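In what comes next, chain A is part of two complexes: it sits with chain B in the first one and with chain C in the second one.
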Partner chain A sequence: MTAPLLKVEDLTISLASDGGSLPLVKSLSFEIAAGETLCLVGESGCGKSLTALAIIGLLNRRIMRASGGGIFFEGRDLLSADAEAMRRLRGDRLAMVFQEPMTSLNPVQQVGRQISEVIVEHRGTSEREAEREAVRLLDLVRIPDAARRARDFPHQLSGGMRQRVMIAMALALRPALLIADEPTTALDVTIQAQVLALMDELRREFGTALLLITHDLGVVAEMADRVLVLYAGRAVEEAPVEQLFDQPTHPYTRGLLDAIRQLLKPDIERLAEIPGTVPVPAKLDRGCSFAERCGLAMPICGEKRPVLGPRGSRHSAACWLGHLPVEQPA
Partner chain B sequence: MTPALEVAHLSKTFAARRGPFGLLGRRVVRAVEDVSFTVEASRTLALVGESGCGKTTIGRMVVRLAIPNAGSITVEGEDFTRLSGEALRRKRQRVQMVFQDPFACLNARMTAEAIVAEPLVNFGLGDAATRRRRVRQLFDQVGLPQTFLDRLPHHMSGGQRQRLGIARALAAKPAVIVADEAVAALDVSIRSQILNLLKDLQRETGVAYLFISHDLSVVRYLADEIAVMYLGRIVEKGPVRSVFDTPAHPYTQALIGAIPASHPRERRRRALLDGEVPSAAALPIGCPFRTRCPLATDICSREPPPLVTVRHGHAAACHHIHANEMTTGGTTT
Partner chain C sequence: MIAYVLGRLLAAIPVLSAVAAFVFLLLSLVPGDPAVVIAGDLATPEQVEAIRRSLALDRPLVERFVTWLGHMLTGDFGNSLFSGIAVSELIVQRIEPTLVLALMTIVIAVTVAVPLGLVSAYHPTGIVARLTMAGAVLGFSLPVFVVAFGLVYVFALGLGWFPVQSYVPLSEGLAGTLHSLVLPAVAVSFLYIALIARVTRAAVLEVLREDYVRTAHAKGLAARLILTRHVLRNAAVPVITIIGIGFAALLGGVVVTETVFSIPGLGRLTADSILRRDYPVVQALILLFSTVYVAVNLAVDIAYVLVDPRIRY
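Take a look at the complex of A and B:
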């Protein structure tokens, strides 16, 4: 078996505070194979963005600490890599697209220059050559009239076009792994559909692996090969995408899936709710973090934390209810 | 019965400065153009469309945060746009608003109780004791525990703040609530709670909702009727079931087609809408949608299509409705 492209092992990310440290991502492990799309799904505060920032080395080191077994990318441990090594990897083998392109682009530099800069910096090509490549990339992400648009500043572009520029920049050096954190959340639905289709097409063409972070299970259904569901900083379920949608086993995953499926059913009278809210991060957590919102909780759930256990081929869940009968959607 | 809200031929233009420091003069942005709709008591009309389609501007005009250039807004039989002074103030009580970001619209220094009581104080409803009772009753109604009465908004979660915003909107017993992207900022698990709450409250109070949203799946659950907007105009409206099952306008069809799949097996290599919404300051002549429309022909660049009835209570503004329905009608689900 070949080694995975990315292997995250027992990753813990803590917020350093006066009274010690507060863990926000807890003992997270997952892998991504070359060319694969893994979706990290969860709601606000579940730790999905922190995980992405830890991988790409952009955690605010003054307040955040990443520790644990390691983040192995193409065989090297990013957790112990120094700042210069990370700087050389970023934009080259590893790239990231953020939710709000306006805050990730330099507002006072033409977008074409922002792309060519990456190429010059990492590849040492001539400015002219890099600029031609930037126009070619803008054309590739279907920005109309790319040569002219390359001279635009970010504020002259629409939100959808700005996100295309970010994608062009991220893919400029054909990275092995693209991390996209809610890349279409700020976009209108018709533009979201365009950008998702574009990302999927480019990913296939370049063989790029994609770590896609989203709260939207619709986006997951469209894009994922495999899915990792996070709740309150921990992995609660992991499965190939069809398996997850067909046979979700964790009550939280099932609640999330119900929330989107019911909306699309005509004439539904009342939506099933997940009661309560996500717990506030605590120094010590006893038992299952989802127990207080779970309709199926048992006494053990409040006392002992369930670990990820197998639920089928490449499918695992962290729940004391080992083999729940699964209700199939009608 | 008099409808709770009736909007007729509503238009709004803004003057936008052109060039650096407005040196090139001004041009007119037509944000809303000849929009009409009716919402009965206990009913929900959803206004849907993408950024810049004018849906928020309509909501703001209905609560009178913006003044229309033309048209009327009739609340329980009285034209809101013709009122002023004390009569306007009294009428305003009948129309309340829930915003997208409950944090941005709640005074961070006021307690939850004071926030919900504020409309009662402003409209001079009841004495202090009555107001105290009413606030506690509202907390129960929206599912906030009484222990939250003296909390500040930043000690509450997003879902709890939205419940607080809804309690405030309900306080003065309005006939109409304008909800502008009221569940857009909420997590999925909280969104279902708030949608259920909005439905329950409508059943209990008979309030009419003007529900503004970009999210069609939410609209399908909550709304009775839907009006789809594009560049300031309503391009299609009708009963929610009819519009979803048999959308007549190519833009509505594209919007429905752009809803992400609910199962990976339904991944569609569907026809995507090309291009982006043109600027409202440089509207295409004729049909505003023609620059992105797969069906556009000569007539579309000459004449704006009128809103015509396609079936009972369901209308669309497209020159090619009939041709379009023959090719796609009945195949959409």
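Take a look at the complex of A and C:
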């Protein structure tokens, strides 16, 4: 197998505070192959957005610190790349679509211009040529009457159209990797599927890999090749999408899946929610972070942290169930 | 847009009418006999009587107001009680230095303050930010005459680069005029640099937190482009407001500077006329300044519409 497009190795993201640093994402490792879609799932606050921002180099440097083995993208380590090198990659090889289409576009700039300026910046093409390309891209994301719409300001477009503009902007230079952070969460349910399908269609056409962040397992089933489940800043399970849905091994993953399955049955009134809440990040954490909420917790779960271990080919989970501690400690 | 401007101009009529009524009543509300007050302690009864007649103070209030308003509307502001010269002519003579000084001051202030505010916000802990904020405190607290005397001492008396005092009118060439106003303009600009830099910094700090700025970074745009094209434009509304207010305040607040630098402008005329109780001139000046405030306000509102497409008119 050739080297993966993206290889995140032992990534830790910490909030720098007065008395030291508070880890919010801990020892996270994963890979994405060229053209592949990896879904990052987990409850709100588990560190999905921070992971995305660390990859694209947009963490708030004043308070957040990314460290660890490295973030290798197309053979180079983004963790140690300088600001100028990162800037050249962003928007070109590496692009991102954010959650809020209402606020993610510049309100005082025409949308066509917001697309064309990426092209001008990275390709040095003339404004006119870039503008024509922007119209073509707007057409590609099915904005009707693209040439006229290109001169609209964001407030003149609907939420779905704005997010399609964001997608056109992100895919303008056919990046190798697109990061989409809950790209449809803020949209009307009726158009969510439409926008996702469009994004998927285009990224396939362009050969772009996708890191899709979502907490919607319906979206995962639709879009993912592989899934990485995050809990309180750590990876708890990783598997190809069919395996994850067929044989979830981590109790947290099973809880998530049960919740959605019940949602699909109309006769059940209440969701089987996972009891409890995500623990607040603390400097000192012993054992499995999920132990407090886990119905299957054993004494060891509060003592030692389970590491990610194999559960079949390309499937791994961090749980003491079916994985008794042999030698290594927390 | 044209309809909007016309609408705004119409809306200014009640405001200016209220000011006119106030200006008119100013004289009538003076306790005692206005003619005596205007004439001063040393006036003879004949002089008082002359003033009373020239101001038609023997007529009923309403009649006087209507007559006076009619004169105002036709551009007749009466004559100066002091020099006998027509008020409109006095103002025309004095308006040029004040206008040039105000424009020059605001241009200097904006050119210096906006970049300082922008950089201070972008690198909040950097050297530029520290110096700007410290300088702003200084700019706010140093009285104009102190700055003015300091500048005169160094650049006029010491280095001899600029004249100590004296205004060169525009009719003798723009370069000469500008040269003669450098020191006063710089002196007055201190306060406005402080004001505009602080407002710019605050507005930019706010915009920097916006999602679309993160988007601009995600597009890999150069920092300079992000600041000028995306950030500054979005921070423009408060900055334009403060520039507008600053300009209006400048026109009204040049008394000290004009006195220190001996510039024959409106500020000096205002001060002199008040001291001489030259009511017709004072009335006309108040009306003029009010009109300028209204006009600046309108210009600011039009600028809003131009920078932000979401603002509807």
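FYI, the second predicted complex is superposed on the first by the 318 of 330 C-alpha atoms of A that agree within 3 Å, B and C clash if a C-alpha of one lies under 4 Å from a C-alpha of the other, contacts with A are read in each partner's own complex, and residues count from 1 in each chain.
Heads up, the rule we're going with is that a residue touches a chain if its C-beta (ideal position, glycine included) is under 8 Å from a C-beta of that chain, and two chains touch if they have at least 3 such contacts.
On a predicted model such as this, the values are computed, not experimentally measured, just so you know.
*Asks:* Should A:Glu9 be classified as contacting the first partner (chain B), the second (chain C), both, or neither?
*Replies:* Once the two structures are laid over each other on A, A:Glu9 reaches no partner at all.
*Asks:* In the overlaid three-chain picture, which partner chain does A:Leu105 touch, first (chain B) or second (chain C), both, or neither?
*Replies:* Only chain C; A:Leu105 stays clear of chain B.
*Asks:* Using the touch definition from the top, say if A:Glu292 reaches chain B (first), chain C (second), both or neither.
*Replies:* neither
*Asks:* If you stack the two complexes on chain A, which partner ends up touching A:Ile260: first (chain B), second (chain C), both, or neither?
*Replies:* first
*Asks:* Once the two complexes are aligned on chain A, which partner has more residues of chain A within touching range, chain B or chain C?
*Replies:* Comparing chain B with chain C, the partner touching more chain A residues is B.
*Asks:* Which partner does A:Glu31 reach: the first (chain B), the second (chain C), both, or neither?
*Replies:* Neither partner.
*Asks:* Looking at A:His122, would you say it contacts chain B, chain C, both, or neither? Reply first, second, both or neither.
*Replies:* second
*Asks:* Of the two partner chains, chain B (first) and chain C (second), which one does A:Thr190 touch, if any: first, second, both, or neither?
*Replies:* first
*Asks:* Looking at A:Ile56, would you say it contacts chain B, chain C, both, or neither? Reply first, second, both or neither.
*Replies:* A:Ile56 contacts chain C only, not chain B.
*Asks:* Please write out, lowest number first, the residues of chain A touched by both chain B and chain C across the two complexes.
*Replies:* Of chain A, no residue contacts chain B in one complex and chain C in the other.
*Asks:* Could you list, by residue number, the parts of chain B that touch chain A in their complex?
*Replies:* 50-51, 157-160, 187-193, 195-196, 199, 214-218, 220-221, 241, 244, 254-255, 257-267, 270, 272-273, 275-277
*Asks:* Looking at the complex, which residues from chain A come into contact with chain B?
*Replies:* These residues of chain A touch chain B: 43-44, 144, 158-161, 188-194, 196-197, 215-219, 221-222, 224, 241-242, 245, 255-256, 259-264, 266, 268, 270-275, 277-278, 293.
*Asks:* Going by the contact rule at the top, pick out the chain A residues touching chain C in the complex.
*Replies:* Per the stated touch rule, the residues are 56, 58, 87-92, 95-96, 98, 100, 103-109, 117-118, 121-122, 153, 155, 166, 169-170.
*Asks:* Which part of chain C faces chain A closely enough to touch in the complex?
*Replies:* 210-212, 214-222, 225, 229-230, 233-234, 307-310
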